[in-house]
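The following blocks contain the structures, represented as structure tokens.
In what follows, chain A forms one complex with chain B and a second complex with chain C.
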Partner chain A sequence: MLINNEFNEQKIQSPLRYIWLIFKSKNIAVVAMWAIITLLMVTLFTPYIMPYSPTLQHPDMLLLPPYWAEGANPAHLLGTDDLGRDTLSRLLKGIQLTLAGALSITLVISMLGLLIGATAALTQGVKASIMHHLLDALLTIPTILTALILIVLFGMSYENSLLAISLSLLPQFIRGIYISIENELNKQHIIALRLDGARNLRLLRFGIFPNILEPLVTLLTRIFTMAILEITTLGFLGFGANANEIELGALISKSLELVYLSPYLVLFPGVAIFLIIIVFNVFAEGVRHAIIEGEE
Partner chain B sequence: MQTLLTINNLCKSYRRSSGLFSSNLQSAYQDINFSLEKGKTLSIIGESGSGKSTLVQTIAGLRTQTSGEIYLKGKALSSLSLQERCKSIRMIFHAPSSSLNPKATIGRILTAPLQLNSNLTAIERDKQIKETLSLVGLLPDYLAFYPNMLSNVQQHQVALARAMILEPDIIIADEILAGLDISLRFKLINLLLNIQDKKEVSYIIVAHNMNLVRHISDHLIVMHEGKIVENDLTENVYNAPQSSKTKNLLQSHQPDYRK
Partner chain C sequence: MFNYLLRRIYLLSITAFILTLLAFTIEHWTVHTQIDDNTFSHYFSYLNSIIKGDFGVSIIDNQPIFNTGLVAFSSTLELCFFAFIIAIIIGMPLGIFAGLDRNNGVDYTIMTIALIGLALPVFWVAIIFTILPHALGITLPIDGNISPIYEIPVVTGLLLIDSLLVTERYQLDAFLNHLTHLILPSTVLALFLTSEIIRLTRHAITMVMKSNYIKAAHTKGLTRWQIVYRHVLKNALPPIIHQIRLQLSTIISFAMAIEIVFSYQGAGMWLFASIHQGDYLVLSAALLIISGFILISSIIIDFILVLISPSKRKSLYADQ
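Entry: the complex of A and B
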């Protein structure tokens, strides 16, 4: 089809493929991507890879250190806690609950937020201003405080803490989406598409969405990071997961009294939270840069 | 000669706040009357801020007028549906690099108006797109390209193809010649004139360069501070300008001025 077949290797690539090509050249981001895939696998298959049940107690092996320290037992790779429960199993279970919670919060927020934000940006007049000025007022309250108030209303449980966090993070996301769509709406190609007779949905699908990928990625990462921090904070404060549900924050708070006897019990969940956040942020930064470079 | 577009007493004013609580009405243009015939070219010139861009945007449907009415083939524009309006009046913006969606292929950009405004099947659409591309002098290969892969003048050609694809009666070109160098400018002008010959389309062109305007247009309107100060056949305006504004504009483009 092309007139000049001599340069056949220079195929025309869609923007997404082009972004993927640039992304592949960024080593750290690719490492982060594999780390994320591993984390997701761990989350999905936790019951099968846990060596013991996280609540199973081994009365003869209390407070064992991890395998590299003296007096360790190879049956418990990362040691045990004061009731003889396996630390590795509890850590995996904790990662599962925290990560799955944060991911589902991000998913719910992104769908609801896109819906509300796009409606607010595309409609005019009273409806739009109610939608975003009302939410602007909510932005003045710190999200963790909103989440705490909501969880007192809902009652304490892991599911309710997820709900409360979603609701508390929603206004930020809507605001961000609203601003980026609003910026895009004033561009000339959108006006041209309007003059082609396009209605709002088509405008959103072909005109706006492909052009707001970069702010969208930034927003989603921020929401995800905050979701992880808030889930663990609520768990740490004892407002989230109850005694049977092990969640990274709750794991830290329960091990806090043992910190002098066995510091590993606090260390591992803390490192896990840190790693999850840093891995996702490095990945998102790589994607963002790939998108920016792809646009140029 | 068939009259396509008639504009009667068109006015536009907007409120501008001048203090904390006070605001005053400022008019973008007022008492605009003119008509356009089929297959003719009408040029609008004037200083920056004289309301010419706002005026053509109103005709294209981007803004609404405060009072007055635009008639298209005898029917008031406000009574037409968006689709009917799209089919007969199309607009080309001055910077094609920003008026073409950077994330869509040329094919998609050209398909959109057909999908939205006609009942053609996919095969008929394809045929129409290829015909329009050859009309503006582009190869069908470009359909798979993205706008940033094309040169400036090719982007202009795509923008023109997007305007022509619905076979409209009127094309509005808002300062499309401003960003091009002289040879490309003539290439685009010849393209516009060729298309006019073949398809009998009318143009409304907003421009700055008086000599170019003289070459392409049949009718000339000079605007100043929102009012029409000169409205006549191009040759009449050039040979016997009535208002001092027109004289000034003409003088600034005299060749001996630069000696």
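Entry: the complex of A and C
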């Protein structure tokens, strides 16, 4: 054997490990990652973290301000609402419902969308043509209108609002996946893989997916952001959650008439939504840059 | 050119057909006006009536739904129009600056602003904006389209034009009153739109700056701003317009959410009120009106794109 592997050992890293190495060097993205992990922990263990039950009323402590303001009670860190319910507990419950909903929507959409998008991109003829025209039609309907229609058809509840939102965001994701796969299909390494006799599945696994990671991350972030915004919008309009399922939008709409008495009640849920979206976007941007640098 | 147009209209008709099917399904599911044994004949009679513009009568106020819907939707369009103007005036220059100097301080600042604009939930910003006049001590109306003291007959449906038509009665007061009502909602919508336009412009500009003809222009000895004026702006415009065309439905859905907070009498408020009162006929009418508008305007935008960038003319399927 001519090549001596024993001394000048060169370890070729897998692409994923390489991307992780680049990602680690970006400070803001790593901070965002830890924030996401914290948020996920909060979502998973909300019942154990909450200081009080979100529906427990304290009749002697109404409309308390948060702890840094005048006249606060340290027993309620972020104050209470007009029925004496603890704001922090309600906020944590809201974050749990909103974030869990958005994450499950993103998961469902990514699976269904990848399946349908890849099928549409890799087949020709009648099937693909029907797909296109249906997508064209569905893409012209504003997502909030689709969600409203579906909620009216299914009936109002938190689960149905999640279903409606995932169905209304699905066409966007399919179209995005379809375009990125279509762009990839014309490249030479795909043609080489085809000449090797690769079937569609093998083509997807080894030829296309490793190369569409970057648009995939962008699309997923987009879908996640839109999902959060739509869950909260539907909750705000009163179509999503009922009295026990207070996600962040419903929390805002319920404290809307108290906005001049205690603006914190409206402020906190909005800031929570804002922070969730910012954190996930910064994280995704870090991942995207790492993927681009890794490819170069 | 003619072929392109023909092909586009053919695609439009298929999409419109699918949309009528969807609207019919919704109508059939929720209201089921006709007691007919045959679904096909029901569909054809439905199609026949919507071609005549007859969507049925609202159970709330006994007005024809189509007219109410059109008037409401045109108010939404006014809102979108103003937000769009604000967004282009602010967003385009910022996007160009960010795209020209990538990865330095200016770029990071502008992109942070854009990210914040995208991450703020619109309805929440709208609520904050309704408190704003009270907090800052300015007098600005925060609800409705126009003060109820003005009686304005519906002529064109667009309140901006209608309020100009009654000038002999109110002078310009009605028009100006309507404009002040538009300020806050359109600013909220513009916040989202600006960040979107900044992102799109930055992306388009960086794509153009990478191409070879920019290098050629550099070697010719053109200064930086000469290159931007002569080559970059012209070539960056088509992709931006194309992306905005795809975003039309998102913009309208955000506008609808904002309207409900400001109780601005647009399509969102109309839908919201009707659904709460159980008038489900509105759903299929709104579907057809709004997506019909988006379809027609996307055809017009495609047509403009073809006019300003000849390379698009060859594309067979208009979306690629």
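Of note:
We adopt the following convention: the second predicted complex is superposed on the first by the 286 of 296 C-alpha atoms of A that agree within 3 Å, B and C clash if a C-alpha of one lies under 4 Å from a C-alpha of the other, contacts with A are read in each partner's own complex, and residues count from 1 in each chain.
As a convention for this text, a residue touches a chain if its C-beta (ideal position, glycine included) is under 8 Å from a C-beta of that chain, and two chains touch if they have at least 3 such contacts.
The model shown is predicted, which means the values in this text are computed figures rather than measured ones.
Of the two partner chains placed around the shared chain by superposition, neither chain B nor chain C is touched by A:214.
Once chain A of one complex is fitted onto chain A of the other, the partner contacts of A:237 are limited to chain C, with no touch recorded for chain B.
In the overlay built on the shared chain, the residue A:293 is in contact with neither chain B nor chain C.
Judged by the touch definition given at the top, the superposed model places A:206 against chain B, while chain C stays out of reach.
Of the two partner chains placed by the overlay, only chain C lies in contact with A:256; chain B stays clear of it.
Residue ranges on chain A touching chain C, taken from their complex, read 132-134, 136-137, 139-145, 148-149, 152-153, 179, 182, 225-226, 228-229, 232-233, 236-237, 249, 252, 256, 259-260, 263, 266, 269-270, 273-274, 277-278, 281-282. Only residues 60-62, 82-83, 86, 90-91, 93, 95, 98-104, 108, 112-113, 116-117, 139, 141, 144-146, 149, 162 of chain B touch chain A when the two sit together in their complex.
Considering their complex, residues 1-3, 12, 15, 187-189, 191-198, 202, 206-207, 210-211, 295 of chain A touch chain B.
Remark: chain C residues 11, 14-15, 18-19, 22, 26, 29-30, 115-116, 118-125, 127-128, 131, 134, 246, 249-250, 252-254, 256-257, 260, 268, 271-272, 275, 280, 283, 286-287, 290-291, 294-295, 298, 317, 319-320 touch chain A in the complex.
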